[in-house]
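First the structure, then my questions, so here it is.
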Amino acid sequence: MNLLLKEIRHNPLLWLLGFVPVVFVVQKLKPEAHSLLFVLSVLAIVPLAALLSHATESVAAKTGDAVGSLLNATLGNLTELVIALAALRAGQYMLVKASVAGAIVTNALFMLGGSFLLGGLKHHVQEYNRLSARIQAGLLFLAPVALLIPSAISAADSAAQAGLTQKVSLGLAVLLIVTYGLSTLHSLKTHRELFASAEGGEVGDAPWPLGLALVTLAGVTVVVALVSEVFVESVQKAAEAFGMSPAFVGFIVVALVGAAAEMASAFSGARKNRLDLSVGIALGSASQIALFVAPVLVLLSYVIGPTPMDLQFWPGAVVMVLISTLTASLVTNGGRSTWFVGVLVLMVYLIFALTLYLLPPRPQ
Amino acid sequence: MNLLLKEIRHNPLLWLLGFVPVVFVVQKLKPEAHSLLFVLSVLAIVPLAALLSHATESVAAKTGDAVGSLLNATLGNLTELVIALAALRAGQYMLVKASVAGAIVTNALFMLGGSFLLGGLKHHVQEYNRLSARIQAGLLFLAPVALLIPSAISAADSAAQAGLTQKVSLGLAVLLIVTYGLSTLHSLKTHRELFASAEGGEVGDAPWPLGLALVTLAGVTVVVALVSEVFVESVQKAAEAFGMSPAFVGFIVVALVGAAAEMASAFSGARKNRLDLSVGIALGSASQIALFVAPVLVLLSYVIGPTPMDLQFWPGAVVMVLISTLTASLVTNGGRSTWFVGVLVLMVYLIFALTLYLLPPRPQ
Amino acid sequence: MNLLLKEIRHNPLLWLLGFVPVVFVVQKLKPEAHSLLFVLSVLAIVPLAALLSHATESVAAKTGDAVGSLLNATLGNLTELVIALAALRAGQYMLVKASVAGAIVTNALFMLGGSFLLGGLKHHVQEYNRLSARIQAGLLFLAPVALLIPSAISAADSAAQAGLTQKVSLGLAVLLIVTYGLSTLHSLKTHRELFASAEGGEVGDAPWPLGLALVTLAGVTVVVALVSEVFVESVQKAAEAFGMSPAFVGFIVVALVGAAAEMASAFSGARKNRLDLSVGIALGSASQIALFVAPVLVLLSYVIGPTPMDLQFWPGAVVMVLISTLTASLVTNGGRSTWFVGVLVLMVYLIFALTLYLLPPRPQ
């Protein structure tokens, strides 16, 4: 506990933690001040993400990058899962799908590209484990295939496919979850050594003891979930006030804030020349959302949703997911990167963001 | 001949050869027992494929993996060619195209993925010749380009393209055959050494003498062709009885049984850690169908078909061929594999199969 | 000057320079003899391209391949820029777009494939710098993404997107130019050493002194621009006389002649086993057109065009650009090539050319 307080005193970023209670107080007193709540909740999520990042790194220092990446991805995606569950209960399937597709794209492009750029600005050329990156990119590649194939095949005969889509989605959901399970078995059990780091990489700050790190992880995750809920409630209204289209909000803003925690870990790993950790978090998080969170939501929709949800996304979303995974695949093929590789990946993301931003306010 | 009999006595699988005469007898006596004939012909093809596999391996042991792969692909694809020719004569161009596209997809995904999985379960990490794999994957990549471009370009003006498609198809058929010829020149003549195996790899059983192997090859191929014909006649009716959609039968069932012979060779190569042989058979067989069998069928349709056949496939088939070759390309890029790489490739195939299986009974 | 004359006397190809004045004389006297002017201008451009190639190589010998490639790409693309500017002033946006897309495809496929083929016929296996090739292919990959995403995303709601496309195009143009600027900074400044050649490679002829080379570069570039204008004026009419479709002329003929200068440099580099120079020219030239020439034309259309031009291409063109960059990416991934890799890339180009040639005379 002393260690935690010392950390907070020395790191000015963590002073922002003061906004956490402010968020809850303002929500109680002025629940209709959406723009204010939006800004406050973003300010509160940032230091929480930083804390989460340090805690996860401390655990990773003890367990190796593979387990650390998995941990990061799982805990980071809790936020996305919480958001999506709220929307699912309300039957807002469009919002669920937009946030899922946006999270895949944001992880595979913004987080990966940002890591390459930030790491590359500090280190001239960075190396990372290409075999593990290739396998993770391959895993991610299943996502657009699963989203694309059903609509491509059934385009052949347009009619009589309403009930069909539902059956196909259910089958695909099971296939994807099985694949995700096997991938975990592969990377943590049978072929653990392939996912070891290419370079040593020194952890800058002294790692916390395991107990403190685990307790912080658990506690901060809960607080992040609570603040996220305030964020979700306020974001749509605030977006209108700031003049953003709903598609932009769903794909970009929600996804960026939802991924803030993992992003802090990934970027700090890249700065410390531990690019394996960064690539692992970015691709691992993207494939976890695609192959675990999304199919679980489909299955859960049978239990808690008003009607079953399918896996049919609007064509623009499928194309964006396809381009994202193709970019991630091509880029991580080589195992070396410089700052410009990061610029390339970020540009693909900016092209998406720009187009979504300028869209008239209807799709999604 | 003694050697052959000894082989049959020691290998329980080969006892299934007893079903070969049964197939012909039942066909004579009860030609309308489709479900029975279907099951019998599958049971008869399996041991024939195993025999073919051993004979081909014996030849390959004498000639090196490159010639061995080519031989495997050529002989294995005889089955597909026989099937397609029968359908071509009857003017059933939809069936011809479905079986061609299905064979490409099955070879590039199921055979490749199965080899990675079976080999990877026995050997921890397997290495193979990435340069030759990359060239073969590149060759295969021409297939979706040739199928995609004409429809993509002519989509610009929809009318007045009936006669056009025919001319384009004819030109593309010639281009593809020329490319296939040049690829053979390249891999067997000018750059033979690039296609040499990466690792030694011991052939488990003692190879047969060349004479016996060649005679077995020729004889068994003929028998396979005869049994295949029974299979094709019965499969459609049997499928209905078992409740499968025609698209599923054309793409998956026919393709799987048609490729049984090469599959036996590829899988046994993978188990013996000769992954170069497996990758060579899988990709070589797929590109032979795409770049040789398919264009030859187009040319032959001018001679033996009721009207000329074109190269225009339904969109779902084009997307599946494109995804398959892209997957094969990305996956074979690295030259190393584990069991999980096999799982990934097989999952893409399963996504196709599941969707086709659940399709309502009309397209194809 | 003496050196230049000696060069001309010893190189029979340069005797074709005699056609340069003939072009201008015939244009003055018989401006309506389109077919004749077309043939004459092609004959005149070839030796000019050869001169340009030798001059550029002499500069490259002093400055290294990276600067040399950039120089080549810039000067070579002046021709394309001149052509496009003339069409832009006339408001012929369809022609501008066809020539831009055609130039990307021709550089990425024909020039790259031709270099691999010509180099591979002379040298058994050629190696080149895969990291720099991969970064250049990644840069090029932004082009289809920028062309594809706006139409894919806005397909969601078809109406009310007329004004939108214009705003998106403007934003994308700025993004692409910024990326191009950063890529120059990366390859010439911060990571210059990554773009160094993999192999030594001897320059065959003695290089010219820097002064002569630079003067020749400048002078010949101007003459090429003048002859190009004659070529553009005559090509459309001549094409009709020779029975080619306008789509074929815009995509293939104009692009091939427009790229003649760089092609001469790229091919001669490949013959001298300096494949890094060839790959650098081919991919660098393609990405310069996609990320610099095309967006600059969009911006200039606000100043000199009758109405603003957007970045929306017809679907066939987008698919061709996508396939081209994907092919270039997959092929240059390995850093080794043989003649057959060149055949593969050229075949993709031939499939495009054949289809465009057989098209009925309307789209583009």
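Order of writing sets the labels: A, B and C. Residues in every chain begin at 1.
By definition in this document, contacts are C-beta pairs under 8 Å (C-beta built on N, C-alpha and C of every residue); 3 or more make two chains touch, one makes a residue touch a chain.
Not measured: the values here are computed from a predicted model.
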| item | value |
| --- | --- |
| Arrangement of touching chains [line / ring / star / complete / other] | complete |
| Angle of rotation relating chain A to chain C [CA atoms, steps of 5 degrees] | 120 |
| Type of chain B:chain C copy interface by residue overlap (half), same or different | different |
| Chain B and chain C, separation of their C-alpha mean positions in angstrom | 40 |
| Chain A residues counted as touching two or more neighbouring chains | 333 |
| Contacting residues of chain A [partner chain C, same complex] | 124-125, 314-316, 319-320, 323, 327, 330-331, 333-334, 336, 338-341, 343-344, 347-348, 350-352, 354-356, 358-360, 362-363 |
| Touching residues on chain A, where the partner in the complex is chain B | 130-131, 134-135, 137-139, 141-142, 145-146, 148-150, 152-157, 160-161, 164, 167-168, 171-172, 175, 179, 182-183, 186-187, 190-191, 194, 329, 333 |
